[in-house]
Each structure stands twice: as structure tokens, then as C-alpha cells.
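Going in written order, the chains are labelled A, B, C, D and E, and every chain counts its residues from 1.
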Amino acid sequence: MLHYTIRRLLLAIPTLLFISLVIFLLLDLAPGDPMASIPLTVPPEVKERMREALGLGEPVHIRFLNWLYQFFIVEPQVAFDHLFGTDFSEGKQRIISFQSRSPVMSVVAERMPQTLWVVGLSYVFATLIAVPIGIISAYRQYSWFDQLGTFVSMIGFSIPTFFSGVLLIVIFSVTLGWFPSIYDTTHEVTDWSSFVFQMKQMAMPVFVLTLYNAAQVSRFMRASMLDNLNQDYVRTARAKGMSEKVVVLLHVLRNSMIPVVTVIALGVPSIFGGAIITEQVFQVNGLGQMLITAIYASDAPMVQTLTFIFAVLIVLFNLIADILYGILDPRIRYD
Amino acid sequence: MADGAAPVLNVRDLKTVFKTRSGSVHAVNSVSFSLKPGELLGVVGESGSGKSVTMMSLIGLIPSPPAQVSGAGVDFGGTDLLKASDDELRKIRGARIGFVFQDPMTSLNPVFTVGYQIMEPLRKHMKMSRAQARGRAKELLELVGIPDAERRLSDFPHQFSGGMRQRVMIAIALACDPEVLIADEPTTALDVTIQAQILELMHELRAKLGMAVIWITHDLGVIAGIADRVLVMYGGQIVEHAPVRELFKHPRHPYTRALLKTVPSVRGERAERLEVIEGQPPILRAEPSSCSFAARCPFAFARCLSENPARFDVGPGHDAACFYDFEAGAPRATVSAAAVGRPEFEGGAHAG
Amino acid sequence: MLDDTKSNKVLVEVRDLKMHFPIHAGVLRKRVGEVKAVDGISFDIYEGETLGLVGESGCGKSTAGRAILRLYDITEGTIRIDGVEIGHTPQPDLRKMRPTMQMVFQDPQASLNPRMSVAAIIGEPLDEHARLSKAEKREKVLSLMDAVGLNRDFANRYPHEFSGGQRQRIGIARALALNPKFIVCDEPIAALDVSIQAQVVNLLEDLQEEFGLTYLFISHDLSMVRHIADRVAVMYLGRVVELASRETLFADPKHPYTQALLSAVPEPDPWLEEKVERILLQGDVPSPSNPPKGCNFCTRCPQVMDICREIDPLGQEIAPGHQVTCHLYQTT
Amino acid sequence: MSDATVTTTVKPKAPRNQWWDVWDQFKTHKGAMAGLIFFVFIVLAVYLGPFLWKIDPTYIDFRARNQGPSLAHPFGADQLGRDILARMLAGGQVSISVGLTAMILSLVLGTFVGVLAGYWKRLDGMLMRLTDLFLALPLLPLLMVIIMLFRDPLRKMFGLEAGIFILIVFVIGITSWMQTARIVRGDVLALKEREYVLAARSIGTPSRRVVLRHILPNIMSPIMVSATLGIANAIITESALSFLGLGFPPDYPTWGRLLFDAKDMIQQYPERVIWPGLAISLTVLAVNYIGDGLRDALDPRIRGR
Amino acid sequence: ERGSDGHVNIIYWQAPSTMNPYLSGGTKELEVGSLVLEPLARYDAEGNMVPFLAESVPTVENGGVSEDLMNVTWKLKEGLLWSDGKPLTSEDVRFTWEYCTSEGGGCSQSEKYNDVTDVEIVDDLTVIVHFGVPKPFPYGPFVGNQAPIIQKAQFADCTGEAMASCTDQNFAPIGTGPFVVDEFKTNDVVSMSANPNYRDPAKPAFATATVKGGGDAAAAGRSVLETGEFDYAWNLQLAPDVLADMESKGKGKLVSAFGTLVERIMVNYTDPDPALGDKRATAAHPHPILSDKSVRQALSMAIDRELLVEIGYGAAGKVTCNVLPAPAIYASTANDACMVQDIEGAKALLEADGWVMGSDGIREKDGKKLSLLFQTSTNAVRQDFQAIIKQWWNEIGVEVELRNIDSSVFFGGDAGSPDTFQKFFADVEMYANNFDGTDPEAYMANWECKQAPRPETQWQGNNMPRYCTEEYDALVAEMAKTGDLEKRAELAKTMNDMLMQDYAIIPLVYRGRVSAASNTLGGVEINAWDSELWNAADWYRIKE
């Protein structure tokens, strides 16, 4: 297993380098200009000078190598300095966003909390809801509960969040006034009432995302449970006199979770990628919103760095999913 | 051994019907038999004849729906298993009746260690502590002949060979010293050399623990070596019942006779050509109104097609559900003999 | 089966066949060892005869069968079928050899594509190798179904609609479609019910008689092998330990493993059964990736000698047509 | 299924077209039939509807602006006075054609990659890394690049609408195949070890035909699931594309676009959101049930029951 | 009293990415920055200049501007303090100029300091700005929200290439305005509190303020007008009926103001045919159809501007026939005929010019079809306009294909993209433009010949129609030399009329800004000439 992990990690390096190159070239090729949001009243020469100040005058390969250096050498040094108070990164150029002229990584760090709170929590909820729903749907296959589950998850898939989100706002914020329509990212939880407020402002975005994710996970859970409920070892467990609860929730569930856990693990990178549309609708302004504004603003360093981090997570969680599979299922042995 | 003692298990008129989308399947039809303490009852019959369903029905292991189990009663030590609540059944399963399933490859849960799976019934039924259960599990593994038991407790099923897994299954079934062990084709998936080991083990254990065993198989060779009495099933019914030697010597049902002929042997005479039973087994769409073997039976006559034969006494402890009297070499007289569902058959020489 | 179908012409000649599956491990997936599934076996099969191949599960019977048909790329050795050496022919070139050699598989359910109708399954080899019109093809398929005793009306059915015996007939019809000379039957009856086993075995015998087929009959059911085979090879851990004619082998097994194997077969006769002397083997089969030093069987052999743990015995002909690989009979 | 059912009635001799069996089985699936009827209804409505309901979907009638449902405009009129019924019909044509073709393209692509990766071990690592790459690529810039590079050439070759149609279908297809590829690969890995694949090889069937004949038909079920999800995805993505100006011209109605345009007026004119929303959801639901039914019907093991 | 009114909540649906107006010229950054940084003088809501940090606005009359128009003297108010307590001095003013013009910094407002040769420090409170050429309108440097004063002490190390890496400074500049930045989350939210050293001890009334960003205009409007979560929402470009409906909820009101922004259609004088390769859309090939003036005129005549205003902007739009609609002294009335739609007239005009109706309803002349590609940026109102205009043009026999392009591409200067508005690879395109402050000189110079984007200039330049006449160029040159306001107005009007009567530009709507303020927010005075938040110091909470 260790060998396997090391081998996969080593293999990941060229893969990721290649991915980063492709992303870089893609962004370079993409139309769009970081100066697009500058008013038309600013003359073109000035814009040209601004562009040069961003380093866009350099040839592509220099910019790419520069980015690689900054991402793999400078940024880790900065993080190290930050942790241990050293000063290795002194005077070195970090990756700077075109839009805000601030280091990309510090923006990422700033956005992390709300992304994790909203997108991450909804993912956790989705999993927590989807698993029991999947279990019940499978255990009572073709019952009304199961049928309803199918229907709701199909609806969950097919209605875009830009629509369901707005609908929720209109109902719960405008008409009923229960929840705020705009997420306050500066809010800090200090006491009970601020906690209640935090819950309120999270309610709608978390709900929308939970519905969407839960729909998928519950489908997988159901299928996997159905596969396992008919296995011979279930009968063995019953023959041992185990109660139904133990049989379903211990024996069957543990086996059914193997594929589902990998599905869940593979979905984790998307948390960090943010839920772009939902974040926008509720103004959560997490990583997803940042990515989309960066794309619209042609903020190449930001997009490059974010998508690369995302790629790292994808590769990493693919690996984690595979390893988890091996750990959860003792039959699978890598090497 | 134990002749005349009160039976530990007495099954009367057991029926199991599967309600499926395309109609019902009458898998078990009025099966009655009894099991005495310490004896080994062999059950043979073609694939699909209802052997497994019968045994699983009696202790409520058949999923319902689609199955519906009914009957006059399954008496186990004073409890009627058919009327028992789920909780009562759970107290009996694993504790007083052990079950070994056909396929050792899939009957163990792949994600739990073997030790855990053996300890599970111990902790539940015998309320043992973890340490006690572990000690007992180790004993059990040693009992079924797995070397280095202590270490192997923490192995997973896939780390065992097929024969060892089947031994683990047996260890689980034996964990709580059951009164009855039901073994559903426990050696079918195994090699002959391993099968021989397990049969040997069974012999020793029965001598040591003195429990009653129901042994399902379709291998007549195994039956010959191990059973005291034999039930032959066909089409969801018991078509013949006899002490083992009696059965081999005087098979009184055409199916049994055909079955005995089809099996080649490594030691006896080598037949130039194997006997076959022509035709197909019946589809059990409804309760049988005729002899289910009639379509394939060389002795069949008109009555066979209009009436389902009851089990006629044909000898001491020997009965067969056939209208043809092989002793006489002619169809039976119209008197229908012993009613189906007789509680008790006497006799039963044993081969051990 | 009639003895006169036998001839002295060797149809299949296997020499020193080795099939090792590599095991890779480590960070760089280096090859660290191999599963010696088949480790140097040699035998001949005469035209029109049936060679039985028996042995414990996992001893390499299936691998041997598949390797002979070149479903694997073999590690070493030569295979000559009908005079053509195919041991190292590349796969695409083998295609035109395929009609001569066919296979019947162990599990009739698993070896039939559940989504193809019977006609399509039996017709597949014809699609691949014969140029027939639609009508000709259909006629051929139907006649094959007749040959294996399947009702013509079943042509449009799907495998799951058949009983195990019937499914195995489909598999046999598929193997027969191209008029092969040599068929490897890889445990064709293991998955079947006893009463159906007999049907299939009879069918195989009838077909052998009718078409002059040659079989390699792999099985671990010794009683069936005794019934069908002319000669029998016993395998243990990738090696052939004994090879003899049926009568010799069953009457007078020489190798301790053969003896144990035969004694373990249960007897469907309580009186005989009581008299059988069982040789109970202890322990499990060693792993083929790490076979013991010396004789493969030395770890379980009841008659093990010191030499067995040191030196690998060679195959020897102790009587005409009776080969044994055991130090007990080593004469040199 | 056990041996027991074998001696049921013997079927008529004439070799009946297999598709009739499929259809017979399909008919027994209630959800699938309902889905099919609805889907056929929608398709007929959007393709034949414009012949009956002759209002031009882009015709602006200022007097009808923001009108509610009336005889002249059964679904009402939008903020420019265009007839919503006509727009729904025209939009449906685009959405359904785009949804179907893009879904098919993505399925074909995903299945192709998945089969290659699963069946040929040598290609596996490379193709799966490619899949990772596509998963990681930022979609929007990718779309912009594709559209920038290919819009004009395609337009020239196929004309305005066909060109953009091809482009959109291509774009959606190329960015949504990864999921299918992974699922298919997993299944192929398992399937290729099946004995019937070995049997086919022993006959001498070349790999290409082994894949076509034995592997593909047996991965129908995951493909069907991907198909239903794919169609929803394609309809929604198309709307996002045209909203970004990357798709059809702005006056060209599609369901997704109608939904998007109307979402700001959800309070004032809720019906304008409901129509396209309902149309998309019901179509997806219908396709889902059809997929379910088809999967069952194509599986002879279930068909026999 | 300062800080007595608690908290004010402002929403900018386009979130500010920095607080330093010299690093981003975007409206959102400039406006939010104006809460902290202040210039010497600003424009008020009427477009008049009012002194902020300066004692008074220097003019020729009061001697602040030299007669030769070459230098301007500014005097700072006395006793001004930065929010950190340091005094504001002429050093800071001079530094601001140095900062923006330092080499390699890419200052986005450097054009404001064009022709400044020196900023001379006379004493602590007096500076003289020297120009290299006579400046008839010398209010570029240090005036308006694009050119506020920054603190030398804070930014001293941030000039030139270091400009970008001074993140802390850029995110929390020390200023003289009513608020101080407490926390800046880029593209998300700015938290501010009252400046303790603000010059008016009673202001600002609010103790704290947040500016939230993100989402879209509809959500922003909703949060002020419908749920009342926010006090002020900026730039609500939404359909008029949606806005009206929101306003009717009674939580807030819409406020609007008109600057110089005109939504217009640019007519391409050059041929955008892709077959022309790199001569595409350059003066080398005149446009096959649109070179014909009667076609351009017919296109303009077919448009009902009144209706466009009603559908797209409501109270935030006015019909206009000029590309230079304001200030009042520059507004021409010579072209008002366009106010009324004249479809029949347009048809007749085309007919007369030989464009005959083909069988497919499209006019033709000499085998050329009257068929146009009409592009604009992606934006709901623009797409509605496209659809409507298409219909009108269809009526007069013009075939129209529509295309919308994402604004980051359309307005970006990426020379690699074919879809920028400068490249103009289409026949007509629609967008809005305005000019800074109140002086139109630079704006009107946009349509000089040399301003035409072409490959040699990397497609930069503001003359999208590629309009090119000697007369026009001469007028531009003349205006650069004229100091007298009356004469300047005359020249500007002439130029405007020339463009209009050549139909090089088809003006559609004179657009105002619309924002929404909560009913409880007092003191809001929306300003189209400067930052909308220009008087945030005067805002207060209305108590019920």
C-alpha cells in the first residue's frame, strides 16, 4: 500500500506539471483582457502601460516558468515563514492577482472559511442525509418513500441552481422575511444570537447545495445497498441471530459504503472548487465566486492558481479514493 | 444412537410460496420430517428441488416478501418456529440452530475479520465479554482444525482458502453449541481432498458434541459416507425417506432409482454409458395436483397424472411418495396409505 | 465411446509448457516474482482420444488448457497442434488456426453473453471465420443445435431462459461450429447438477464418436474423468505428477498425491464407502508463486523422504504409457 | 433465473425481430411508457406545433408587452411582447436537439475513452490522466477558446444556425464526457474478465468486435444513467453558453435561455419561469424513465420475466 | 454627531478588488475608494466643481490659473489631518503626482497627469502644478474621484514596480475621507469605521459602514427595495417594470442622475469581411453597404428611441439625438428630427437610393444584400434592444444577424480575439460611453482619423466607426488651442452635429445612473459626474 501510494504520488508530478502547462496555455490563448473593466475613458496607451506593469509583456514561456517558480518555491516559503517566523521569502515576488494586486494565496486563505462553511457543510449534510435516504430506499425498494426519492432527486438534478436559489430568496427572504438574502462574510459567531444569525444566513445556500449533492449521493447509496442486500453474507448474519439493525446498519452498510465512500471522496475537490452559481446567487463570495470573477476579469494568475490547486485536489482525491477503497475493502491490495 | 428419543425438530406440512411478478412459485409443498438428537439427516435432490428453501423457511431466513411460509408447525424444543416472533427466532438462530451455507466464498462478510464474525454470535447470545469471546473463538478455530488460530482470528476471509473458509463457517455455526446444525451443501464448492477433510471433521465433531445435523447435498457419495437417514426431495416435496443403507439398497421412488444410476463411481464397475434422467424438472407454478415426477418417470401411469401421491410406508422407517410398488413390481392398489404429515417415523439405522 | 476411434497419430504435442504470471511490486512496478501457474508440463494427445486432466483447485489446470489454445501468451515451451507449431505465433496470425481448436467453458452461465440470443452465440464463430449467406448461416446454426440436442425453436431465446445443461449444450454447439479437431473442455460439468452432468458427458461422447473429436477434459470430478477419459494426467501445483491410461491410473495409482486424491472421492455406496481407506492430506496447497524447494508435493506428502525436500523429481516412464514424477519410483 | 422456467410455451418458429421483444417489455414498464408518451408529445409539439401556432417567436408586438395569458397569447407575452408559446415551441426545438445530440456526443466520447482505457491496459494510465486534465480545466476559458477558434470557420462551412449548433453540441460534448468515461472504464475492467469475453477470444473474434459485441451491450445500464443526466446537463449548459454570448444569437429562444431571462421577473411574472422550468424538468424526468425502461427492456434477463 | 447613527450597509454588486484608485480604473473601485481618499476638488451633483481639500477652486479669474494656462496654484485647507493623525501637506500632493507617474507602475490614472511637468511645493499648504503646454481645462490632476491625494508617509516605498506589491497599503490606504478601512476582503466586502480625524467633527453620522459586493443587480435591488437589508445599492440596471415593482414594496426609493453616458450604435465604415485577412475592418476597404449614407440614415430613422427608453431604462433614460448630450452648454438641438421614428421615410430613402426590395423581403442593390451583423456585449437590456432594433430594420428591408459577446472579451483589448469592440468585425455594434468630468475635448477627439483602431496600433484607438474627415480633424486641433468656454462649446457642438449628420454614430438613449436608497437613509445625493458616494459624510439615518 505504501509503495502504491508513493508510486501514484510520483506519477502525479508529471501529470500535474502537464496539467498546469495546459491550463496556462489555455488561459493565454483565451480571449479576454484584464483591462476590460477599465472604463473606456482611460486611453489605450495607459491601458497598455498597465498591462506591462502586470508582466504581460513577457513571452509565454518566461511567464510560465515564473509562475512555476512562484508557486512551487516562493509560496511554500511564504507559508513556512508564516508558520515559523523565518524570512526565506523575503523580497521574493509572490503570485499576484491582476485584479486586486494582492497575493493570490492570501485571497485563497481569506475565502476558505466561507467556502468550507457553506459548500463544505452542505456537502457534509448532503452525505448525512443521502446515506440514510439511500439505505431506506434500498431497504424498502419500490415503496412510496423510494419513488418519492427518485422523483425528488431527478428534480434536484434538472433544476438549475440559478433558478432554485432565486426562488428560495423570493419565498423566504422577500415574502416571509425569515432569512437574509445576502450572506455576511464578516459575521463572527461569538454568542448564541450571532450563532442563530449564522445559521439563518447559511440556511438557504446550504439547502440548495444539499439538495443537489444529496440527489446524487443517495442514488449511488441506493444502488450499492441494493447490490449488497442480496449477498450471501447477509443471510449468514441473519442466521447468526443478529438483529435487523445490526444486519443492515453494520454488515450491509459497511460493504455498501465502499463504493459510496469513493464517490464521496471524489466529490470533495468540488467543495474547494466552490459552488459557483450558488455562491453568486447568495453572495457567499467563496472560492467559486472568486474563480468566476477572476475569469470574467481575465485575472490569469488567479485563475491559473485556483484551477491548478483544483487539479491537485482532483488528482489527490482520486488517489485518496483509491487508497480508501483498499483500506475499506480488505480484499483489495495494491502491489 | 439415541433411537426412540423425542425429536429435537419436528416439521409438519411446511409450505413456501414465492410471489413473484410473473406469478407464484410453490417451492416447498407439504414437507414433513423430524430430526432426532444426535442423528445426521441427509437431504438429497436435484438442483431447485427446494432443499435450501425448506431449511431456510423453517428458521425464518427466507425473505418475505416475496416468500410466504405456512404449515402445521415447526416444533423445536417446544417452540413453534412458524409462530415465533422475530425476536424469539433471533434468540434461536445462531444460538440453538446453527447454519452453514453452501458457498464459503460469499457467505462471509468480506470486510470484517474472521474473529469478529465468530465472536458476534458469542457476544450476542452468550453475553460474553470481548476477551472471553476471543478465547472461545480461538478454541473454535482450533476445533475445526485451523492451525495458528490466534493469529488467524484477525485475518479477513479473503486471506483464507476455500476449505478454510468453510471451516470458519462451521466454527460460526458451532459457536454457541447448537442443538441442531443445518449444513446446506457445505462441501459442494470444495475440492475432493478438502471435502474429505471436512467430512472427517464433521464426524469427529458429532462424536464430540452430539448435536443433530441436517446435511443438504446432491452428492450421493457424501450421503453414503455420512448420513444416518436420508430425505430425497423432488419438486418441492419429499419423495422418499429411508435409512441410508435401505435407500441405497432398496430405492422405492423412480427418481431415487434414476439418481442412483446416473452417478459414476471411481471404484466400482465403469459403465460404458451414463444413465440420464430425461426431461426437465417441473416448474412449480401451482400446488401439485399430480405426481411432479410423472413427466420424466418411466413407470408413470394414468393415476400419476391425476393425483399427487402421498408418502406410502414401504418398509421400516422407509416411505416413498409413489403409486408404483417396486416390491410388487406393479401399481399400488387404490387405497391411499399413510396421510401426509405423519409426525414420526420409527427406525433409522445409522452408518456411523 | 469406442476404442477404434483412437489412432496413434499425435494431434496435440505439448512440450515443457510454462505459463508464469508476473507479479509486479514496488514503487517502480518492478517484476518481483511470478505465479508459476503452469511450470513445465509435457504430454501428447492422440487423435480421437480424450485426455483427462485432474487436480486440485488452483493447480493450473485451466491455465494449462488456455495456454494450449494460446489464449495466453505463454512463457516457454512448444505447442504443436495438427502439425503446426503455435507456441509463439502472434495473436492475429492465430486467428486462422482458431477453427481447429476450440474450448468449452466451466460455467455455462458466465461463458455466454447474456445479451445475445442463442442463434447469435452459436453463429458468432461462423461470422468470424466462414463466409455464409444469412440463410446458410441460419441453417448451419440450426443443424448445430440439432447435433447437440437443442430444440430448433429455442434459437431466438436468451441464455438465461435455459437450464444449466442446455446452456452447456449451447457452449458446446458454439465450440463445434467450425468443425474443430481438438476441443479443450475446461470443467464443462462442474457447474451442473448431477443428473445433468450425465447428459452433457453423454453428449460429449456422442459428438466425439460422430465427428472424431479429440478432447482435453479438465475436471476435478474423478468419477466423471474415469468415465470419459482414455488417459488421465494428474496435476499438482503446475506440474503433471502422473500420467497413465485410465485403467492403470484408477487401479494402480503410483504417485502419493494421486493416491490421496482417489481415496478422497466419496463413494455413492454405503457398503463400499465404509471400506474405503482415506488418505487425509494435511495442510493447504502451497502458493504457486512460491513453490517449496524440491518436490512440489513434499509439504503434504504422507510418504515424504529427505530427498524430496532437496531435489525436484523428474518424470519417468515406469511402465509403458505410465509416467510418474516421484522419487519413490526414481530409478536412476 | 433458475432452470425451472424452461419448459414454458415454445415460441412461434418465425424468427421474430428482437426489437419487438424489447418493445413488448418496454410496454410493461409504466413509468417508461408515461415518459415516452410525454416525450413524444413534447417532440411533436415543438416540431409540429409551429405549423399550427404560426406566430413568429421573434416577432415583437409592443402592444402585447407583459400581457398575461389570453386567447391571442395562451402563455402570455414577454417584456417585448413576443408570444411565449411560440418561443417555448421554438426554444424546445433547439433545446431538445441540442440536448439529445450533445448528450449522444458526450456518451460516445465518454464510452469510447472508457472502453479504450478499460480494455487496453496500456492506454489506461494515459487516458485516465487525460480525464483528470479535462476535469481540472477551467470550463469557461476553454469554451471561449474553442468558440473563438471555430465559430467563424464552422459558420462559413455550415451556415449560421447549423454552424453554431454544431459548435455548441461539440463544446458541450467535449466538456462533459469525463464522468461517463470513468464509469464505463470501471465496468469494462470488470467485464473483460468475464468468461464470455474469453470465449469470444477463443473463437478468434478480434478485440474490436469483442468490444462491440460483448462489452458494449453489457454496459448499457451505466450508459443509460449517464444519458439521462447528460441531457439535463446539456440543456442547462446550452442556456449558460448562450447567456454568455457563446451560443446562439441572443434573439434565438431556447428553454434554458427563457428560464434564465425570466428569473429576474420571478415575482412579477412567475408563469414565465414556470413554463420553461417545467418543460426542462419534465423532459429530463421523461428521459430518465425512458432510460429506466429501456435498460430493463434491453436486458434479456429481465425481459423474460 | 459623529458616529451616532450606527451602521450603514452599502451594496455594490460588482465587488471592489482594491481601494487604490490608481491601480484600478474601474468605477466600483473608484467609488468605494472615495469613501476614504479625497481629491482637492470634486464635482457636485450638478457638475459644478466644489473644493474638498483645497480652500477654493483656482480659476483664471481668481488668479489660481495663470493667464498662459500653463500652471495652477492650489491652496490646501488648514488643519487637515490624515486618519492616522498626521497632517496633510503639499508633500503629499506632490507625492501623489510622483506616485502615479513613476516608471513601471502602470498607474491607471496617469492620463490625468498628462503634460504635468512639475508639482512645485511653495509651502506646506500651497502647490503649483506646472504644465508643459497651455491647458484650457487644467482640472485633470488632483480633481475628481480618479485623482485623490494619497499619503506620502504610507506609500513612499510603493512607487514604480513596487506599486502592485504594497497590498496592505492598497487595501487600506490612509485617507482624509469620512471613513477608515478596518478590513478589506478583496472582491467581497469592505468594513469601515468613521474617520476619527475627519475635518468636520460632526461627521460622518455613521460609526461604521460596510460595502458588500457580489451577486447581480437584481439581488442588490432586492436587498434594498424589498428586504431592507441594505441601505444603498449601486447601479441597478434592470428592466424598468422590475424596478418599479421593487420600489412599490415601499422599503426604499430609486435615485437617478444623468452624466454624459450615451447608448449608441456605431456604424462600421470599413469592410469586416473575413476574406480580407489582415486588411479586414481597416480603412483599406470601405464598407460595401454602410459606406452609403442613405443606408446609415435609414437605419437611424427606423428606430423609435422613445420606446427603447421605455423598455430598457424608464426613468433612467432619455431620448437623445446627440453623442454629446451634456453638460447643457454642449448639447446640440440640430439633430432632433431623430426623436420620431420614421419607418416610411426610411423605406422611401432606401428606395430612392436604389435599394430595391428583393423577393425575400431584403433589399438589394448591385447584387449586394442589405444584410448586417449587429454585435454588442452580453447584457439583458442590450439583448432586448438588439431584438427590437432587428425587427425595425427588418421592416425597412434590412436583414440582421445578432451576436452578443461577453463583456470581458468585448471590452478587452486582447489583440488575439476577433470579438473586441475595437476590432469591430461586424457591421454595427452597440455600447455606451461617456467622458470624465465635464470637459468634452478628449472625448470629441475620439473620432479623429488617427484614432481608428488598425493592426498597426494593435487595434487600439477609440474611433470605432473608423470615421475620417479632414474637417473633423481640423476641428479637433482647433479645440485643443481654444480656451474660451463659449467657443469650445461651439466647436464641440459642430463636431457632434457632423458625426450625427453623417450617421457615423446612431445615438439611442441618454442614460442616467440608477441606484436605490433605503427610506431610512438620509442625505443621499446621487452624482453622475463624480462618485455616487461623494457626500457619504453627509449621510444619516432618518429616525421615524
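One rule holds for everything that comes next: contacts are C-beta pairs under 8 Å (C-beta built on N, C-alpha and C of every residue); 3 or more make two chains touch, one makes a residue touch a chain.
Everything quoted here is computed from the prediction, not taken from an experiment.
The minimal number of chain-to-chain contact steps leading from subunit C to subunit E is 2. Shared contact partners of subunit D and subunit E comprise A. Pairs A-D and B-C differ in how many C-beta pairs touch across them, and the larger number is found at B-C. Taking each chain's centre as the mean of its CA atoms, B is the chain most distant from subunit E.
Work out the mean CA point of subunit B and of subunit D, and you get 53 Å between them. Measuring from the averaged C-alpha position of subunit A to that of subunit B gives a distance of 55 Å. Averaging C-alpha coordinates per chain places the centre of subunit C 49 Å away from that of subunit D. Residue positions of subunit B touching 2 or more other chains: 47, 280-281.
Taken residue by residue, subunit E touches two or more other chains at 218, 406, 409, 417-419, whereas all remaining positions touch fewer. Across the assembly, subunit C contributes residues 163-164 that each touch 2 or more other chains. Listing the residues of subunit D that touch subunit A in their complex gives 125, 129, 132-133, 135-138, 140-142, 144-145, 148, 229, 232, 236, 239, 256, 259-260, 263-264, 266-267, 273, 277, 280-281, 284-285, 288.
For subunit D in complex with subunit E, the residues that touch the partner chain are 58-60, 62, 65-66, 79-80, 82, 144, 148, 152, 156, 160, 243-246, 249-251, 261, 264-265, 267-268.
Looking at the complex, you find that subunit B touches subunit C at residues 46-47, 161-164, 190-193, 195-197, 199-200, 218-225, 244-245, 248, 258-260, 262-268, 270-277, 280-281, 351. Within the complex formed with subunit C, the subunit D residues making contact are 1, 3, 5-6, 10-11, 13, 15-16, 18, 194-196, 198-206, 209, 213-214, 217-218, 298-301, 303-304.
Of all residues in subunit B, only 56, 59, 61, 86, 89-95, 98-99, 101, 103, 106-112, 120-121, 124-125, 156, 158-159, 169, 172-173 touch subunit A in the complex they form.
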